[in-house]
Structure formats: structure tokens, C-alpha cells
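Chain naming follows the written order as A, B, C and D, and within any one chain the residues start at number 1.
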Amino acid sequence: MTEDNKYHFTIEIGVRDYELDSEGIVNNAVYQHYLEHARHQFLCKVGYSFAQMEAEGLTPVVSRVEINYKSSLRSGDVAVCRLWIERKGIRFVFHQDIYNKATGALAVQAIVTSVVVKNGWPTRGEQLAEFFKDYLS
Amino acid sequence: MTEDNKYHFTIEIGVRDYELDSEGIVNNAVYQHYLEHARHQFLCKVGYSFAQMEAEGLTPVVSRVEINYKSSLRSGDVAVCRLWIERKGIRFVFHQDIYNKATGALAVQAIVTSVVVKNGWPTRGEQLAEFFKDYLS
Amino acid sequence: MTEDNKYHFTIEIGVRDYELDSEGIVNNAVYQHYLEHARHQFLCKVGYSFAQMEAEGLTPVVSRVEINYKSSLRSGDVAVCRLWIERKGIRFVFHQDIYNKATGALAVQAIVTSVVVKNGWPTRGEQLAEFFKDYLS
Amino acid sequence: MTEDNKYHFTIEIGVRDYELDSEGIVNNAVYQHYLEHARHQFLCKVGYSFAQMEAEGLTPVVSRVEINYKSSLRSGDVAVCRLWIERKGIRFVFHQDIYNKATGALAVQAIVTSVVVKNGWPTRGEQLAEFFKDYLS
């Protein structure tokens, strides 16, 4: 868990037993839930929220997800979800890594690209960028 | 699978592997998804839909669920979801049974009670009752 | 939130946005996940765990669920999940209530009945009862 | 929906209302369920199954997922899930596209890479390749 200082946000999510599949490991799709939850909590941390964006007619839309599965999480494990962001044109790119708290092993390495949509059209995302300004270089 | 004639609607739902839990059986909560899906498909069959109700400002709200788990479903099984309805005052009561298609065994026996809400208040559900009129004695 | 002293265990579960349905409220089936997670965490608290039971060839099987839905949870809400247990013959009965942390309102009132199964047969559950002995009068 | 002949397998999956999120569209993570279900059904079509592989001590493990989200699916939509496979060394690469049945629009474009694991170690996947031999050039 080196290079800690590259991350902008960290939350811990305890594995819940209903998230396991028949192999006794966290199902692949569940990590997308963890990743989404981490992004939404990061949004809350900067003083914004998904619900508030929706109320303002702004919808953050995920356009692309890349996930590399490195090791499995199991019953009793805690997922340490860390992320850092960058802005590329109108896109917000979330670099998200998930570690096994007990072992420090990397479980998942993901890159999630999103765009803010208004009335069905992509926007430049200026409002969201304002909330993220401390993290966008 | 006797007393077939008591049911108003039947759909088959194939078990998907991600619905299994670490014991290799369909997770308890997944049956509520099957039950909900069966009710929504029944609504479609009578010419209505959940989306249409929402568009009209009507929300069918589940107020109570009783589920008896009789036997487990596993990978490869097909859930035969059957239901019949009755009206009790403002409540619509769905009697829902799920069978294992291959064996005929009863997997789940459920009673789901719902009310139609408008602007936060329960209604008499006359509009929904109209769509169900062939089934309500 | 009177009668606090009747509960044996309490955990808080923050609502995650992916748990909402198209009405913007926590989907009915998700509460079964909260209820299951609360029971499994209670098991951990008494020094046991679902994974350990499985490793010993014991499977806690839910035979019946009753859920009364009282009010909805939404984005940003925290579910306060409380439970107390009683033993009725071979059955372990979990009385589980979920409150909205911010308002104190009761969201869900549930009774979950389970039995410990070994090699496909119900057992008297003596081993589990031993872990729960401080709570079973 | 051109280039139909590149696909090895197609199944249709009807959207279920509980799969929608608060925006009224299918939640991003749900597509991974559709993609997994399509792969598992393809496995059944060639005479094998996920459950059988597990019984033989073989575990197909997803090592990487890339998903491009092109357009949303909503209540009432049917997802047409199509795939073709190629083998790259020990990896099986599934090219999976999901179309909206009514409009023909591409909803999701995905590439899923997996490896067959035995006793915790990656294998060459010869047994799985044998089942897929008609599709691997």
C-alpha cells in the first residue's frame, strides 16, 4: 500500500455475506457497487451529493469502466477503497483501487470514466469540477 | 402442483448463477426479486405497467411480505412463479407460490400485501382494481 | 425508539445509492439484505460466524420471513438495525426492527425464523444456542 | 446490428424493474450480471456448465473487464446479449455486446478476459477450449 499520497479519498467497506457467490468470494459485479459507493461518498465529502446533482438536473453518467481483478475478497474481509481523480476534457476519470485491509493485498484496480449530463447532453462539468477543485491539478 | 386453477398468472424465471450465495443456493432475498418481477409482469399482462402507474403519479407500495421457504433452488433450476390476487378493503393481496420446474416441489410460498399511494396517501386503488377486474371476485 | 432494553444487538447500515429503486427509495428486497447482515454481524459479536458454521457443516436456514414496511429509507439515510432473539423448540426467532437514524421513525419491522441444518436435516441447534446463551432466557 | 455473423451466441434478457436505479435506468453494475449470465448460458449451450466446472475443481476466473456504456436500458426493454470468443495464450477473451431489442441501439460493449484456475493456479484451459473448439479458430 505504497504511494498513499496519490489518493484523494479512502473508505472502508466490510464484505457482507450476501455479496459472496457460490465460490465463497465476492461476486465480480459487487466491486462495481463498492466503486460506485466510494465515488458517491467522495462526492459527499466535498460537500456535494448524487441526490443533490439529480435535484439540479445534472446526472453523472459512467461512460467506461475498466476493472482488473487481482485477488479475491471473502467473508469477514474489509475492502479499503481508495481513489484519486483527474479531469480530461469534459471527462472525470476516477482511478480506484481496492485493497484487502487485513493483508494489504490489491484486490481490484479500476479506472472509471464519467461525464456530467444535462437534459440528455454532455456538459463541461464546471459545477462538479468546482467541488473537486482541491484535487484537480 | 395441484389446484392449478386457483392461479391467475404464471411466469418462469431461470435461476442465474450470480443469484446463488456461498451455499450454492438462491439467496433468500432474491426470491423477493422473483416475486416482484412476477407481479410486475402480471401487471403488464393485464395491459398496465409499473412504469405507467408511476407516470400517472400512482405508486404501488408493498406494506407487508410473508415468505415461507420450503425448499432451495440451485444453479440450472427454473422457478415457476404463480400468483392469484384478492382485494381486501384498500389492500391488494398477492398470493404467490414458486415451484421448482423440474421436480414440481414448492420452493417458496408468499403473501404480499400492497396499497396504491398517491401524493403520499393511500388510495382506494380503483384504477388498479379496474385492470384486475377479471380476477377479483 | 422506546423499549431500547429489549434489543440484544444494534448495527448501523448506511444506505448506498445503488440500493435505491426507480422511486428513489430503498428497494423492498434490500431490507432482507440488511436483516441478514445484522444477523450475521450479531453472530460475529457472540464469537461465532456464518463462515465458521459452514466450515463445521452447520447451515442456518431461514424458514420464514415476515416483514412489515412502515416507512421508506432514501439516499443519505442510515438504517439502525436492532434485534432480539428467542428460541422456540428447534427454531431461532429473530425479532428485527430497522429505524431511520435521523428521524427515529420505524422503517421495517420483521420476524425471521431459522433452523440449523446438518447434512440436510434440521438439528436442535444446541451449538448455536450455546453462543446465544446470554440472550436466551 | 450489422456483422451478425461475428457472434457465436445470443440470448435475450428482459429488464426487471428492481434492476433500475433512482434515475430509472438499469444500474451500471447490473450489466455485469447480464454479461456473466450470457457467458454461463453460452457454456450450457456447448454442453458444459459453471456448476459442472466447479464440481471438477476448475474455476473460471475473470481477470479483467472493460465496459463501454453507449446508451441506457429502461423498464420494459429487452437486452439482446451477443458474444464471440477468442483464445489468447491461457486467456479466454469474451467480446460481448448488448443491444436494445426494440431500437437496435448498442447499449454496452464489453471485453471480458478470464482464465481457468485449478487449486489456486492458472491452467492452460484445455478442457474448456475443447468445449469451445467450434468457435476458436
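Note that in this section contacts are C-beta pairs under 8 Å (C-beta built on N, C-alpha and C of every residue); 3 or more make two chains touch, one makes a residue touch a chain.
Please read these numbers as outputs of a predicted model, since none were measured by experiment.
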Higher-contact pair (C-beta pairs counted), A-B versus B-D: B-D
Most widely separated chain from chain A, with each centre as the mean of CA atoms: B
Centre distance in Å when chain A and chain B are each reduced to the mean of their C-alpha atoms: 34
Approximate Å spacing (C-alpha centroids) for the pair chain B, chain C: 23
Chain centre separation in whole Å, for chain D relative to chain B (CA means): 28
Touching two or more other chains - residues of chain D: 17-18, 22-23, 29, 33, 36, 51, 75
Touching residues (chain side chain C, partner chain D) in the complex: 17-18, 20-24, 27, 29, 75
In the complex with chain D, residue positions of chain B that touch it: 16-18, 33, 36-37, 40, 44, 49-51, 74-76
Parts of chain B lying in touch with chain C, wherever the complex brings them together: 22-23, 28-30, 32-33, 36, 51, 54, 59, 61-69
